[in-house]
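What follows is chain A paired twice: with chain B in the first complex and chain C in the second.
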Partner chain A sequence: MGRYLTTLRVFWIASLTAELEYQANFLIELVATAGNLVGSIFVLSLFYGRGQSLGGWSWEGALVVLGIYTLLEGITSTLLQPNLSTIVAHVRTGSLDFVLLKPIDSQFWLSARTFSPWGLPGIALGAGLIGYAAWKAGATPTPLTLLGAALMLVASLMILYSLWFVLAASSIWFVKIWNATEVLRSVLVAGRFPVSAFPAGLRAFFTFIVPVAFLTTVPAEAILGRASGPWLLAGGAVAIASVVLSRWFWTFALRFYTSASS
Partner chain B sequence: MSRPLRQRLAHARRIATVLLSSQYAYMLEYRAEIVLWALSGVLPFIMLGLWSAVDAAGGLGMDSLQLARYFLSAFVVRQFTIVWVMYTFEEDNLNGRLSPYLLQPLPLVWRYVAAHLSEQATRLPFVAMLVGLFFLLYPAAFWWPSISSLLLAVLATLAAFALRFLMQFTLTMVCFWSEKATALERLLYLPYLYLSGLVAPLALYPESVRTFAFWTPFPYMVDVPARILAGESVPVLQSFAAMAAWAALLLPINLLLWRRGLRHYSAMGA
Partner chain C sequence: MRSEPVRMAIVRAQGLGKTYRVADKQPGLAGTLRHFVNRRERLIAAVQEVSFSIEPGEFVGFLGANGAGKTTTLKMLTGLIHPTSGTVEVAGHQPQRREADFLGQITLVMGQKQQLIWDLPPLDSLRVNAAVYGIPPAESRRRIAELAEMLELGDELRRPVRKLSLGQRMKAELLAALLHRPSVLFLDEPTLGLDVNAQARVRSFLADYNRRFGATVLLTSHYMADITALCPRVLLIHEGRLFYDGSLETLTQRLAPCREVRLELHAPLGAEAFASYGEVETIEGREVRLLIPRERLTEQVGRLLADLAVVDLSVSDPPIEDIIGRLFHQGALA
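Right after this comes the complex of A and B.
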């Protein structure tokens, strides 16, 4: 474990140094993230402005959901996207051979090799919005609520990671799978809104097929202190199952990896 | 002055045929990817889900059929107005492919226009399938636009594509000076996303925001063509005039930046 932490620190410092070459990007990223957040709040206000609510959620509650979505987007562009987007190139050029030969777990190396600071504005803005909206909604930070919220956020991250990893790992068979993650991204946009705001069919889709509900709605309920036991249990179960699945899928996919030239 | 007009037209037609057919063959090779790109345009359907749930509560001023038709039309319009010239241009520039292209006796822009049109032709059957699937799931929303509104919608979509292409190609010129110009496209995409009508018909916007939006070029890129296709009443002449005005504003800037950029260009890796 200690070895992994040291490696992680070396990896991230190295990639941070490289990325800081392009400092103007930070400003653009900040403006883009803030602009996107303002736009999303405007869209929410279109619903709430006419005195209606989204699936029975209060305005502040919906803002918590949006905050979690922004936070997840930030983490996606900090860790998931920069790392997992390279799997396809490794498969195509055959440099996955070298990754597999390293004396470190290959899934860990592929998932944590680089760190891109450009998602940090999203993480900061998302966390800020969650805190502000939860306070406005009158959420009481009892230890039990905090524990539930933290657990559900971790579960949501585990699910998001597994979705991305399984799609990116399918490039072992389909080299041109990369835009599949664009499709995933565009479907996850639904996570900006509480899942109960959708009609029944879509709600089932976003709960059981693409578990968007567990990404933003369930953690938001935990933060607002009104999560029910069954949902918390389901969130935890889905998270553990999806990480185990991603692990199994990787070992399974590697059996089919035959390097680039063969 | 050197050649009669008829000969020059024939020449242009031959070049256009060759460009389009070769680009179409190229795009067909990548059809699996193009299908995935088409699928990643599901945003209007997600928004339709949200708005129709609100509509069930009443008081929207648009009934559920109108909403379904609007968002389906917005999806179709979006599919045929997607522009990615900036990304290709940046890649061509960074990989040094730009220099041989510039040596050809053909303005570079036509190569990209042909690529976009061929990509849309490759999308067409798949988009038709998705529209069919939509009506299968939601047969009540089926409508058949009149010939005149269909023609007008095709024209408006083409004009929207041309305007969006011109806008992004103008921004693309920054590539001559910067290596990471595509980051700017993220900024241009924001007003497009929220003002074009992809997330909601502009009719549902508050009056002040709607008035402001129509002073920008963005509503003409999705909302106006989509409403024409959905058979709603649209001030057609006024809309086309506005698109022409925006194009007339952007074109000189584009040409000026192109000339300046070429003078600045020094070939990557040279």
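Right after this comes the complex of A and C.
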């Protein structure tokens, strides 16, 4: 375990060193994320313009959902995107060989190798929006709701990571397939809105097929202190199941890996 | 009673085989469409029934034409692919299980793939490797200094990899691959694309490393100079099968039953003048090259010196490149 922590530190220092050669990126990313967020808030405000509500959610509640979405986007740009999108390249060029020859867990290496600071503005803006909107919504934090909220956020990250990892790992079979992770990213955009805002069919899809509901709506309800026990349990169960699935899928995929011929 | 220490093989392959399933597809769009509708697959035996064993500290050359099965065998020995048949044992482990203890004892260097981080100096990649292999910082600094000295690397370790020459990059790759001090080295074309000087430096480094750490090395290379300089023993693989296992000299003798005799004559002579001595390779003015079977060499050289006005005479083996090249071009090996 200690070795993994040391390795993680070295990984992230090395990738920060590489990224910080391009300092201007930070400012550009901050402006882009803020612009995106303003756009999303504007779109959301259109739904509430005439005193209507979205799927039974108040304006402030919907903002919490949007905040969580922004936070997840930030984490995606910081960890998921830079790491998991390189799996495809590793498979294509055969450099996955080097990863597999290291005496360290290959899934760990592929998932944690890079830390890109450019998602940090998104994380900060998302967290800020969550705090502000929850306060405006009149949420009264108790230790129990805070714990529930934190657990649901972690569960949401576990689900997002697993979905992404499984898709990226499938490049072992479909080496040259379009980058399927981009498709996933556009489906996840649905997470900007509470899942109850969608028609019944889509709601079922976003709950059971691609569990977008567990990514933003369930954690938002936990933050607002109105999550029901069954939903929290379901969130936790889906999270654990997806991580186990990603783990199993990786060992399965590796059995098919024969590495690019040279 | 004294007993001889038993030498245990560090690499052992027994009846090793790998069969690939490949798509049987006609070229062009029409072929692709037909394949899409009616998938046909065919089995290709990349490696068949390969058995050998290597003892600790040996330096073994691994020869074969492109596609002969060298890389597939190396990948089975390092555990990157699973054998279809047979067994492999390296450093007491089954490679395909990829246990951490096994991975810590081996390394694989591939001339056409790199593990160094492109945008960073090699030192940063080395730091990553040290952490992954659990080498303490002080020890890692000591090893980097030692290997850098052997490789004649200095400031290059502090420059971004993308700014290094191919030769410098290869040396840095070697350093990264050897930082954990592996006892079994699998080197796949480590001198590929390097100029003659850089090749020679890599070669002397490998010999040095083998001597200093008693490491076992299995080397593939297209440059015969690498093999002749480094490998007392060679394995020759042809169309997936092990064709020869033994010393390089014996291979040369077996593949080249003739030796080459170069003559410098006092005055030019026609080809017919040499017919009774051996096979004429070339005649350029007063310079003649003949091929003479080994068993008749002394006799024929004696006759040449007695019969003709010879200014100079030398005997050599035909270049090993030619022998191996001829072997692969002929295809059939009997």
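The definition used in the following text is that the second predicted complex is superposed on the first by the 259 of 262 C-alpha atoms of A that agree within 3 Å, B and C clash if a C-alpha of one lies under 4 Å from a C-alpha of the other, contacts with A are read in each partner's own complex, and residues count from 1 in each chain.
Keep this in mind: a residue touches a chain if its C-beta (ideal position, glycine included) is under 8 Å from a C-beta of that chain, and two chains touch if they have at least 3 such contacts.
Values in this document were obtained by computation on a predicted structure and should not be read as measured data.
S.K.: Under the stated touch criterion, which partner chain does A:25 make contact with: chain B (first), chain C (second), both, or neither?
M.R.: Touch partner of A:25: chain B, not chain C.
S.K.: Looking at the overlay, what does A:138 touch: chain B (first), chain C (second), both, or neither?
M.R.: neither
S.K.: With both complexes overlaid on chain A, does A:95 touch chain B (first), chain C (second), both or neither?
M.R.: second
S.K.: When the two structures are overlaid on chain A, which partner does A:55 contact: first (chain B), second (chain C), both, or neither?
M.R.: A:55: touches chain B, not chain C.
S.K.: Considering the complex alone, what residue numbers of chain A touch chain B?
M.R.: Touch residues, chain A against chain B: 22, 24-25, 28-29, 31-32, 35-36, 39, 42-43, 46-47, 49-52, 54-55, 176, 179-180, 182-183, 185-187, 189-190, 193, 197-199, 202.
S.K.: Using the touch definition from the top, list the residues of chain C that touch chain A in their complex.
M.R.: 20, 71, 75, 78-82, 98, 100-101, 103-104, 106-108, 110, 112-115, 117, 119-120, 124-125, 127-134, 188
S.K.: Write out the stretch or stretches of chain B touching chain A in their complex.
M.R.: Residues 30, 32-33, 36-37, 39-43, 46, 49-50, 52-54, 56-57, 59-60, 180, 183-184, 186-187, 190, 193-194, 199-200, 204-206, 209.
S.K.: In the complex of these two chains, what residues of chain A are touching chain C?
M.R.: Listed in rising order, the residues are 3, 6-7, 9-11, 14, 17-18, 21, 93-95, 97-98, 100-104, 109, 255, 257-259, 261-262.
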